[in-house]
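What follows are several structures.
Each of the two complexes below includes chain A, the first together with chain B, the second together with chain C.
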Partner chain A sequence: MADAVLFEFLHMEMVAELCAHDPDPGPGGQNTNLSVLESMGFRVGQALGERLPREMLAFREELDVLKFLCKDLWLAAFQKQMDSLRTNHQGTYVLHDHSFPLLLPMAAGLQYLEEAPKFLAFTCGLLRGALCTLGIESVVTASVAALPGCKFQVVIRNA
Partner chain B sequence: VSNFAGRGGSSFSELFTLTYGALVTQLCKDYENDEDVNKQLDKILFSNFLSRGYNIGVRLIEDFLARSNVGRCHDFRETADVIAKVAFKMYLGITPSITNWSPAGDEFSLILENNPLVDFVELPDNHSSLIYSNLLCGVLRGALEMVQMAVEAKFVQDTLKGDGVTEIRMRFIRRIEDNLPAGEE
Partner chain C sequence: MADAVLFEFLHMEMVAELCAHDPDPGPGGQNTNLSVLESMGFRVGQALGERLPREMLAFREELDVLKFLCKDLWLAAFQKQMDSLRTNHQGTYVLHDHSFPLLLPMAAGLQYLEEAPKFLAFTCGLLRGALCTLGIESVVTASVAALPGCKFQVVIRNA
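Our next item is the complex of A and B:
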């Protein structure tokens, strides 16, 4: 059992370490870093999902899965629940966190907006990976209007 | 469903260890294709993880002091107790045992049944587990430096390598005094 704080600090160092290899990346370099972080998050999300007890996996509906992630995954990973979950009931979900812990170290406000994607990529992958283990293929992206709030958009890919 | 996160054995509590495992795997992969780096890889990763760990430790100590209400340690023995019984317990959920004190009281070992960073980790074949574990050494160094102690921490046994236990050797180097203006004692 490791405290959530350890994960947050590790995440910060991890982003710095992975992005350190290209001190001045062009758009290509930046995108590679983001996709590396996203796929790491994906593998971790899958691994977490695989470790859930059997009874957890018997979700009746897709919406139940999303609610589970917004409550249980978020609580365990970030010590808070997602602030809101909205859906169009056609496979698109928007998860809104008003104060995302991994963005908190950056100054609140707009000035660090360009840095934000680096700090969201891993978590997008985490969501995608957990969903994958729970039988749902998706595309997960994140956006920031004003730090430290952010929105994760989950679009379900139909089989 | 909503009780899941609260239970002691929650699989989500392995988020830290799984993430660290993924990071090590990724970095080994990153360097795989770089001929020059590959020879030095272990050394580079070893020192990178030490400094990343150090950065974590420097922040972690504040969190620890805020949560634990532990007072100032008067000697290295007290420090050892706090590390093993409070800090390890709080962050990793385990309590190492303290053994092998040096006669001078400036070195001791922490013995753990398993490497606490390891959970379902596949260590890349040709890389030493020492790299992997060095993050924890960095954390210990960074944290203790913030409370005025210069220490060295290293893994001398590791279940990751096939040893029977994991043993971290802690050595007190010196007290870090506050800087005094030149000429004053």
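Our next item is the complex of A and C:
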């Protein structure tokens, strides 16, 4: 049995369930589902962040915290590390995963691109929640150029 | 980072989210939430079951399948084995977990007993789904006598 997939299966069901309530949303309908997913991710991210040993993160630079998420958080959640991390050194970070596990079950056709946001909202919240617990306020968005790759953009507030 | 807890955190959020829609349900309201959770568990259990190596399960007895769930499925999902498995040898099995991980975050007071079913519905579905993939139709219910312990009763259909 593969325990790592349990989270992925549950995530998939959760997306399906939340979006099934409102299969043909009016204006703002889809956004409501995404914001519910995002806030669930946020609280899970916060809870994960609270389990970190405090001393590991004391006095760290912002960039170190981001590196930590790309390595340890990603390993814990997705059994892989983030593929790349870039920054403009002004509080904006772009985290690029060439093959994001929660997008892998989707076929790689361009026609599915519009389905991608609902598979990314939870993880945006996860990153924002973990950063919040580590004392960093942020805005996290995601974009997909070529499935199953995606980029998460983290903009630090008041950076 | 503890990756095992990711599933547990997500499960907790999912229960909270589904039950938040209907905090004071009328007749049948609570049951709707529970049946949504149960069917999410069912599909996750089915998906997990499909990942099992076929040859492991060929020609097995029903009891062997139940033992397999108590050991391997439980380990995969909860990082522990079921504490005991009893049967009347007529198609009814009682699986007893003395300290069920999804109930652990709840305080152990008797006043919380009525909250327990919503933390058990997903797992009832998980068992039923895994059994279904393995060719066994069943009805799975759960009961709590003393938190955080609980018993899952599996009744095989047409046994």
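As a working rule, the second predicted complex is superposed on the first by the 154 of 159 C-alpha atoms of A that agree within 3 Å, B and C clash if a C-alpha of one lies under 4 Å from a C-alpha of the other, contacts with A are read in each partner's own complex, and residues count from 1 in each chain.
Going forward, contacts are C-beta pairs under 8 Å (C-beta built on N, C-alpha and C of every residue); 3 or more make two chains touch, one makes a residue touch a chain.
The structure displayed is predicted, hence computed values, not measured ones.
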{"item": "First, second, both or neither for A:A145, with chain B first and chain C second", "value": "neither"}
{"item": "Residue contacts on chain A - larger count, chain B or chain C", "value": "B"}
{"item": "Partner chain(s) touched by A:R51 [first = chain B, second = chain C, both, neither]", "value": "both"}
{"item": "Footprint overlap on chain A, comparing chain B with chain C", "value": "1-7, 9-11, 13-14, 17-18, 36, 40, 43-44, 47-48, 51-52, 72-73, 75-77"}
{"item": "Chain B to chain A touching residues, read off their complex", "value": "1-2, 4-6, 8-20, 22-23, 26-27, 30, 48, 52, 55-56, 59-60, 63, 90-93, 120"}
{"item": "Residues of chain A that touch chain B when the two form their complex", "value": "1-7, 9-14, 16-18, 21, 36, 40, 43-44, 47-48, 51-52, 56, 64, 68, 71-73, 75-77, 122"}
{"item": "Residues of chain C touching chain A in the complex", "value": "1-7, 9-11, 13-14, 17-18, 36, 40, 43-44, 47-48, 51-52, 72-73, 75-77, 79"}
